[in-house]
Amino acid sequence: MTKKPKIGIFGLTSCAGDQLAILNCEDELLTIADAFDILDWEMAKTNNDKVTELDIAFVEGVVAQTRDLEALQAIRKRSKLLVAIGTCAVWGGVAAMKNQIPREILKKEVYGEEINVVDSVEALPVRSFVKTDILLPGCPIEKEQFLQIAASLLHGDLPELLNFSVCSECKMRENACLVVEKGEICCGALTVSGCNARCPSHNIPCGGCHGPIEEVHYDANYTMFAQRGITKEEIQTKMSNFAAPAWMGQKLLSEIK
Amino acid sequence: MDKDRKIVVPHLGRVEGHGGIDVEIEKGDISKVNMEIFEGSRFYEVLIIGKKYSEISSIVSRVCGICSAGHTLTSQMATENAFQIKITQRTEFLRGLLLHGEAIESHALHLGCLVLPDLLGYDGPLSMAKDYPKEVTIALNLKKLGNKIQELIGGRAIHPINAVVGGFGKCPSKTQLEQLKIELQKGLEMSDAIVDLFSKIKLPDFNFKEGIYSALLPKEERYSYLGDYIYTSDGITRPISEFRKVCHEKVVAHSTAKQSLYNNQPFMVGALARININHKYLTGKAKEALDKLFPILPSHNPLHINYAQAVELVHSIERSIQLIKFLFEIGFEHEEPVQFEVFASKGVGAIEVPRGTLYHYYEFNDKGEVVEADIITPTAQNLANVEKNMREAVKTLMQGPLNTLQSSLENIARAYDPCISCATHLVRIKFK
Amino acid sequence: MTPQHTLLDYSSKARVQNVMLPQLARLVRVIPMVQDNYLFLFRFEDPHLNETFVYKPGQFVELTIIGTGEAPISISSTPTRKGVLEMCVRRMGRVTNALYNLPENSFVGIRGPYGNGYPVEDMKGHDVLIVAGGLGMAPLRSLLNYILDNRNQFGRLILMYGTKTPDDVLFRDELESLTRRGDLECLLAVEQAYQYPGAHPWRGKIGLVTDLFQYAKNIDVPNTIAAICGPPIFYKFVLEKLLKMNFSKDHILMSLERRMECGVGKCGHCAIGYKYTCIDGPIFTYWDVINMPELIEF
Amino acid sequence: MKILKLPKANFQKFLLSLKNYGEVHIPKKKSEESYVFAPMEDPSEVALEYLRTIIPPKKYFFKPKESIFHYGDGNHFNEHIEDIDKKIVLFGLHPCDIHGLKILDIVFGTGYIDKYYFARRRNVLIIGLSCMPDERCFCRSMGTDATEDGFDLFLSELKNSYLVTVGSSQGDDITNDLKDLLGEITKKDTNEYLKIRNERKKRFKLQLDISDLPYILELQRESEVWDDLGKKCLCCGSCSMVCPTCSCFNVYDNLSLDTKKGERIRQWDSCLFKDYAVVAGGHNFRANRADRVRNRYYHKQHGFVTQFGKPSCTGCGRCIQYCPTQIHVVEVFNKIRGEE
């Protein structure tokens, strides 16, 4: 690209962690600001341009209220390319963990009986509503992957991320397998790589925060855990923490009930 | 200005989260000042019901990306409180470091990337960098330092993974800590520059009245973000288990964030509240910074939150260096998280995170699954106070030009650094 | 059988030319042929290399688009015409797309040539039947021109090339002019000669590529080598035809495609059993192909 | 062949002295059941009881992820070979791992030569160490339970000493330098060695008959054993990562934000991964898990045998230990042989 791409960075309902992850590129931030024409980024600047057509929109968060959906549709309309950043935008994230519970009940639990002003809908990822061109999962996104994607886009290529599970990265870092040695519930074999196996490298089982790999082998995972006396329910509650809609698509959570 | 006026600022840029200040001025009088929150609800207190004790902290961490370390640790402390787990000294030091890392990152981000551009008339750090490359670089480097600590201790700068109930998955190595110490020493000089810069900037005073402040009392005779007792500036000290007496939560119609009141009064938590209550414990360079920035204490000007953060920035760096020394003293043997028994119980955890006191409360069944939870974030506690300060400011400012009024209100709201996502986004002003 | 390795052996192997390192080249011209199938012309920056880069028809190179990545691409030009490397590239994904966006005169990287190429030495003295379908013409063009440039070393030469429409014919001008040559039977067919106003009129046949066999009379099967390349469905019918004509499975040459990351038999991706498409291929006899599991279903 | 004796009392000194020849890497304990090769900080860290490390020594020569060249500084592709000048003494390789390296020597040294591998191979001294098999070792079946070459020194453990076999001229230099630590072997030592050797032979629990295995595999291509494996295998790739002879890789570019400077990366890959055999346009030559698992086994015991006359499995047992779903190579082949 010869001209600076015009970009916007947006957050729907989320913890702002992915936008913060971009702000955390301290060494590259000024280069990013130089290479892209950042028109709209509420988290980092005032006076945001809300109308100009964008080459790329980065969107974080889930659609958890009608306001989010309106914002998302407006973003999609003005952007040529939409990059979903973060596990919320890609898979629903924690907010989608208990989509099976009706929102009315959730509202009552948290806000009490009498209040009924809260605008809340079933929390679903960005790609459930609009076309997403690039998916960058991660809770939060990994800085290196973001920079790699940004450089690819600047170069005019559609970025491509490797698609294998945390296990392989975990092995490359030469960690002792937590399933094999300690019988822990580790979501590594289900979860897409990118984090360089952060958790297992700290002796902590993977919680699945990057969301599932393309081809998850549920049965083999169950067998693996069953061999170690771990029940389906235990695995499913753990799996559902970050990408519940993906698992629910597999009709797994409904099996518990 | 006695006409009905209406201005809409749907989003206030440069605050983490979504929100607006909704101010209505009717016939020269304030009819409404509301912090309106646009953030969708995520119902954390419900999400964790049925989850095992080991999974909670990584879920609630997602309340807020900016104080994720704070949420993680508060959650773990509440769990430990419930199961009567006693953590080791090394864990205590490491947790301290992690919290200071978060404070450094958060304060540097707020001061350098949000407040300074505001005060110097830029729309953000990126545009400010063209004229003030040195200042922006210092801020970014301090922010990076904070992140480095979090990355090293927490395993990740945002949503730490290494901290677990009972300890840590992996302890940093000697060489890693040595390296960090060198960088902290450099950071100390940089933070001096920030204090210097702020001491030259005069912040307006809109005649704020004396407020109520609340903060944790340090366990020992030193400035700290940890404590077992809550002190409110009316002179009462309560154990953290009585946190509901301090922050009585109420749901307000205009916001998905709950607001907290103390004795039906708004109150303040956060850096300024801490400085007002605990400043006597400051030592070293932080004390020098305090003397430079706060000739009079306590301060009732919410804009001084920025000064307070600058003081804490220095303190956190100094204390981190000290903690590393302690860690060296106790050595580097591998230490597994503490083993414990699970039983039906309740527990509270409280930590002074950058924006104020954070409370987590859980009730567990005998399998260690959550049956009830309550999370009270600092921003929720501060919201009512922000509104109160705004009312005060509007009174003083109403006669002035409209854009001054608007930007002043935004400045006040921003001073609180309302990480809205954790409670809730920011300012919309309507003049009716 | 196992080589004995010594320090000397290691250090000599550590000193070889680095096969993973591309040579700098320039994209000198882009010639659009059919939609998303352009001909790209390259020259090495090092003028010496343009002379010394020796390759065989059917070999390929690993082409680097700087900043994007690498892809294996067959050389479409013939080694008998030195100076430029021509590659016929189909726009498929990341790398090929970036090539299409690359302005003329840009730098690229090329390493190779790799693969076995057509066994032209062994083919000498034989009649050659080239059968191409659709984009399969790209690798065969090198062979065709090589034979034409060494015409007297080969026997009878027949080219059969079929596409869907005249707009899909690769190297159309070049091939159409070849139909006038007396020493080549150049048979072209399209399934549909639908022509829009202003289009170049189609002078070839209409029908499937297999229909062209009727025009090539008296093929001396035992003395003929068939080189074929095209989409899976093409193979199904052409192979059927050739076998019926009693072509030996050893005399049918096919070109295979696999995912490749290195081109030099190390990365493993193109391995089928013990054969590596990149070093043992991409040209295989039909007999080889039958013996390779997981082959493309024809 | 020169064979000397190192009394155990001198062993720590011996290890320490190795520092003169490069950075010493030794097996260290990583967790309850796992070991790794890592730099020696103190000779007491050496885990002499270890049987297999998580990742085999291949990591020193063929790195999990490495930058192979850079571009953007002028119009060149600048060769980049990590650790090109780093001298390492790799202590403690068991015979199977030495064979593993010998197999990689073939892979990277036949036909086109992989400069990266050999640039590092020449800088690493290999010191072997004898072992006592556990229930996962089947090197004896693979013919890799002993080795006559592929090392500079090889230590065979006796009760109070080690026999030190000198395997290269560099190894000889070391024994000359350290002659104060070493002694002559005696008849008694030989007898002791033989006794241990016979004892070791008896300890092998696991056996795999590889005679005419390629042919059986040819017959069993459509066996339901593969489908069953496909149902059980996670396709996580752990077995490939830990295998001393698995050497597939991916190549891709990392570009810097200025879009001019960049580097080419190569990174370990596995034929078990879904995208391994996907070609442009999306066709996947091994779309089924069963096909991919089968491919790995065929490559080890069929493809490589046909190509180089021996299997590319060393019987180290790593894939058995580290497969999270307990897929067991030997059991798989025994099933295929109908010998369950």
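In this document, chain identifiers A, B, C and D correspond to the written order of the chains, with residue numbering beginning at 1 in each.
Basically, contacts are C-beta pairs under 8 Å (C-beta built on N, C-alpha and C of every residue); 3 or more make two chains touch, one makes a residue touch a chain.
All values derive from a computational prediction rather than experimental measurement.
With centres defined by CA atoms alone, the chain at the far end from chain B is C. Just to note, of A-D and A-B, the chains joined by more C-beta pairs in contact are A-B.
Relative to the centroid of every protein C-alpha atom shown, the closest chain centre, again from C-alpha atoms, is found for A. Inter-chain centre distance (chain A to chain D, centres taken as mean C-alpha positions): 37 Å. Centroids of chain A and chain B (each the mean of its C-alpha atoms) stand 25 Å apart. With centres taken as mean Cα positions, chain D sits 38 Å from chain C. The geometric centre of chain B is 65 Å away from that of chain C, both derived from CA atoms.
Under the contact definition stated at the top, the residues of chain D that touch 2 or more other chains are 250, 252, 255, 259, 262. Within chain B, contacts with two or more other chains are made by no residue at all.
Residue positions of chain C touching 2 or more other chains, listed in rising order: 67-68.
In this structure, the chains touch in the following pairs: A-B, A-C, A-D, C-D.
Considering their complex, residues 1-7, 9-11, 13-24, 45, 64, 66-71, 92-93, 96, 107, 109, 257-259, 261-262, 264-269, 271, 273-274, 279, 293-294 of chain C touch chain D. Note for the complex: chain A touches chain C at residues 155-158, 160. Chain B meets chain A in the complex at residues 11-18, 38-47, 50-52, 55, 58-59, 62-66, 68, 109, 113, 117-118, 123-127, 129, 136, 140-141, 143-144, 147, 155-159, 161-162, 164, 168-170, 251, 253-254, 256, 258, 419, 421-422.
By the touch criterion given at the top, residues 28, 31-32, 35, 147-148, 150-152, 154-155, 160, 162-165, 167-168, 170-177, 179-182, 188-189, 213-215, 217, 219-221, 223-224, 227 of chain A touch chain D in their complex.
Chain D meets chain A in the complex at residues 30-34, 36, 53-55, 59, 64-65, 231-238, 240-242, 250, 252, 254-259, 262, 267-268, 270, 273-275, 289, 321-326.
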